[in-house]
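These are the structures, in structure tokens.
Both complexes below contain chain A, partnered by chain B and then by chain C.
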Partner chain A sequence: MATTRILEWLGRFYIVLLLSFLYLPIVIMAAMSFNASPFYQLPFEWTTDWYSSLWQNDQLIVATWNSIEIAVITTIISTMLGSMASLALYRYEFRGKRFLQALLFPPIAIPWLITGTAMLIFFFGVGIGRGLVAILLGHVALALPYVIVVVSARLQTFAPELEEAARSLGANQWQVTMRVTLPWIMPGVIAGGLFAFAVSFDQFVVSYFLSTPGQTTLPVEIYAAIRKGFTPEINAVSTIIIVVSMALMLLTARFFKFGGEK
Partner chain B sequence: MAGVQVANVSRSFGAHKALDDVSIDFADGGFYALLGPSGSGKTTLLRQIAGFDFPDAGRIAIGGESVERVPVEKRCIGMVFQNYALFPNMSVADNVAFGLSVRGEPKAAIAAEVQRALDLVQLGKLGGRRPHQLSGGQRQRVALARAIVTKPRVLLLDEPLGALDKALRVDMQIELKRIQREIGITTIFVTHDQEEALTMSDRIGILRDGRLVQEGPPEEIYDRPQSEFAATFLGDANIFRGDATGNGIMLQDGTTINAASGASVPAGAKASCAVRPERIQISTGAAKPGSADANTLKGQVSKRIFAGNSSTYFVDRDGQTLKVIVQNTGAERLVEGQDVVLRWSPDSTVLIGV
Partner chain C sequence: MADQLAVASRRGLRPALPLLLPAYLWLTVAIFLPLSAMVFFSFMTDLPLAGKEWAFTLGNYAAFFSQSIYSTLLLASLRLGLEVTLWCVVIGYPAAYVLAKVLKGRSREAIFLLVILPFWSNGLVRIFSWAMVLREGGILDTALNAVLPFKINIDLMYSYPAVIIGLVHSYVPYMVLTCYLTLQAIDDSLIEAGRSLGASRRQVLWRVIIPLSMPGLIAGAALIFVPVVGSFMEPRILGGRTGTFYGTVIEDQFVAVFNWPLGAALSFILLAVVLIILALAAPVLRRAG
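And then the complex of A and B:
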């Protein structure tokens, strides 16, 4: 039928439109990182100058390493603490448990601007001040609720008899957790870890409040650089980050089929 | 291997008394069924013996050693769960190996033990499969192999056949019994299926509302129930209520029913008599007179259910409906509405104190 064909083409057009909307800015940015003109002038003239000058930009490189370090440490700490908290909430009944679980959600909803201000005031009050330690603490606090929510969701599908069966076979609490419970919730733990990494690595607002000129993360540094005057080096560093993080995501998706786990 | 003693065990959850002063002695090597309706406390009792939960009062001993405060992982028990609880992330062989592996036994020894256990449950070739690739009956066998491979002192089964269909259940009953005999392990088996309890166990404990109602061999409980509940929960029974006469009861209309066995109830006190439906002879009246002290009642057939090898007659008599089961011997079948005489021996009648 003619109408179905038209609908089919409309559907395809819609998909193309959607993907362009998502990826066109990124593609243009990546293209411009290889364009000789610093003012986005065409015709396109191939160069890798921006990448080599990026290599000379110590500030940007330091900030990049800071971001990676903080994101990795945030991921490790918040995934461990969050998974442990989820297990505790799953296993034990105690007073105020519901209240505690309800308290997990507001931090996700509270604007980061407000969280950032609150953290700045608090860290000054307790003497931590600003800097990388403050940023790390802030990121862990921001990432924790995401990990707990994701791991808890996975735990909902866990059959409690499995832990009982393991115990009846002589396994102690540690063996039960490591050999029975953890393998089951692993997809949730990995997903929670990815969330934590993304929350930390993408974090601008809270990092901005908590950084000092010498101790800052990449998003804050990029923002500062743009304010001083835009250079295509920013395009270059952004392109590298996008390629690396997409590769990471694809790898993870390949090894852990989320949702498809039996 | 060892016997299990449960002495005066009580356990409450809030205001609910899940177990109320329960004492049972499970002898070494026996096959016991804990039978009761849901909420009777049978699973709670099994979990106390396993060590998942501790009693508020009382003593539990395995092999003479007090364990009521010992957690499950140190009790050396084997348990089979209703839904099998196989570890989904492990192969069949790894599931069975789990109990040996957490003890840190050498790999070669574990592999040999696992193979022996899988052979015992006739799954020797399926060690490499994953639990989700197995049928219900096969999973059941894996759960059993996993529970016995550690050579536990006692095997606990929580409605292990409940999730299987009827034909498979009968197969597994026979299989379970064979394996239990072969390794001679003390086995405690929770069920709400009276037929399963009757056919499989050496002894049955009937629980109700957290209390042990009666305990003994299946034949004894079936033939000499000590309460109306025991009589009606394990099998079918016709219950008559009246005043004790010394060797039976007198019903309200003056009819006497003689009982040759059961409790001794002082004359005049309230008492009941129980008789099994298959012990009653039903006839059209003119038939042969029985012995002098036989119990006889007149009634009218209100309903007949034909079940092939037997027929069940429901007979109305003075506001009460009695159940009579007659084997299909080829004799003339009675029709609904027919007047009949019921006759049974005092030997088939049990006196129960109220």
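And then the complex of A and C:
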């Protein structure tokens, strides 16, 4: 049994190593965003200059607002359309249902490079062109499958007798949906919405191909800045992004677990 | 179960249609039509825009097969995908095992969340964060020189290893996640039975645990291999001049060279390769699911 104990402790130590591998670069980036030297030189000297200079960078501010706006609209649209589709896939039995479910995987599985360039070609061809509208069209499509998968998972825990009971007590389809089904699947809908926000807010590849110089999102702007050369300003804005998306994910985890328990 | 389903499900596509249409129309306009358009454009000499002359051609595909640079780069990208996937298995599988079989209760939940958390933060930013660690005079360089008695120069930035490190960092949580899910489902009594029947730890690992968790390994491998083969941002940022891969060439066709039909053909070839790989992985996954 002694060997087992030793192996278990080695396992725990290994997890610590893995976690440091995962978090080390992020922590260093965050630390460097508070370092005075623009060339990331040590010794460390505390400053918040890089954060305050972000406020003077109009391009970044515009891109940030675009990112937030697109993420919010993407969340609203994809959560609504996605929840409706999940409900239909749950409630009705029809030919081709499995095919429709299978159609959800290409947007997740195909590399974004391919999806992004394909969207660029098509949107150009039909006259939508590039810009925020094109980016929004793309983001909603990328987020929809995630919403449908998450909401459908929650629906699996729903007892269909509840809908039947409400119906036999005289509720119509709309009342059944709004008063019985929707409250039950709400944790799933919220988790799906948070997923959608994360997918959109962090999306780089598709936005990159669909953006124009004036109409761009934050990750695209950061990529352009990195290719021009590293600056602590990028560290500062990157640190903010990491903190925001991790906080969002923690929130999602809360709802999703809540969704799984009941 | 069958009774329950009969209560819930009602037959017919017609009542389902109003609920389904908006989502699937959107997917059609933004995913499926573009993918079809890409195939169509890849057979054209030029984009049919603004009155430009165009004709059907096989030239874009001929370019892939006649100029060895494209197939060489595709092979380099496939190799990159394979290497990153292998490293993710080597690093991620043991971690998934410890999570599933050693840790219990709250600490397992917390650490599981910690492992998959960075995965949902911005991929571009995480790749960028490695630049600070890997460059000469960066953290790794400074830290090693502070500890070691002799002077060494660590400048991994803009090299092949830097691209590998960045990509493994980005994708290893996938492997931990999928392997954890299958490992957790293995009944502990199977492992104990193997041990009490006289199998060594190693035999239990190779004959019981690894075969039973194979679906998780395959799923993780597919989820990692496919996007890595199509990666272009990671090699650009961490690879510099050495970071030319199949994905960066496609990127160039669309943002620098503006040869969209060639870019479409190259994208479609990549899509075909990816679909073949997913099709090969599918039977294993279906058997598990």
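Remarks
Just so it is clear, the second predicted complex is superposed on the first by the 235 of 262 C-alpha atoms of A that agree within 3 Å, B and C clash if a C-alpha of one lies under 4 Å from a C-alpha of the other, contacts with A are read in each partner's own complex, and residues count from 1 in each chain.
Just so it is clear, contacts are C-beta pairs under 8 Å (C-beta built on N, C-alpha and C of every residue); 3 or more make two chains touch, one makes a residue touch a chain.
Predicted model only: the values in this text are computed from it and were never measured.
Superimposing the complexes on chain A yields a three-chain arrangement in which chain B and chain C fit side by side.
Of the two partner chains, chain C is the only one touched by A:226; chain B is not.
In the superposed model, A:51 lies in contact with neither chain B nor chain C. Taking the C-alpha centre of chain A as the vertex, the lines to the centres of chain B and chain C open to an angle of 100 degrees, rounded to the nearest 10. Touch criterion met: A:184 reaches chain B, while chain C stays clear of it.
Of the two partner chains placed by the overlay, only chain B lies in contact with A:165; chain C stays clear of it. Partner contacting the larger number of chain A residues, of chain B and chain C: C.
Shared-chain residue A:175: touches chain B; no touch with chain C. Nearest C-alpha atoms belonging to chain B and chain C sit 9 Å apart in the superposition, given in whole angstrom. In the superposition on chain A, chain A positions 161, 164 are in contact with chain B in one complex as well as with chain C in the other.
Chain A meets chain B in the complex at residues 159, 161-162, 164-172, 175, 179-180, 183-184, 262. Those residues of chain A lying in contact with chain C across their complex are 8, 11-12, 14-15, 18-19, 21-26, 28-29, 32, 40-42, 81-82, 84-85, 87-96, 100, 103, 106-107, 109-115, 117-125, 137-138, 140-141, 144-145, 148, 160-161, 163-164, 198, 201-202, 204-205, 208-209, 219, 222-223, 226-227, 230, 234-235, 238, 241-242, 245-246, 248-250, 252-253. Here chain C touches chain A in the complex through residues 4-5, 7-13, 15-17, 19-20, 22-24, 26-27, 29-35, 37-38, 41, 47-49, 91, 94-95, 97-99, 102-103, 111, 113-115, 117-118, 120-126, 128-133, 137-139, 142, 169, 172-173, 176, 226-227, 229-233, 236-237, 247, 250-251, 254-255, 260, 263-264, 267, 270-271, 274, 278, going by the rule given at the top. Residues 50, 52, 71-74, 76-79, 81, 83, 85-89, 98-99, 102-103, 132, 146-147, 150, 156 of chain B are the ones that touch chain A when the two sit in their complex.
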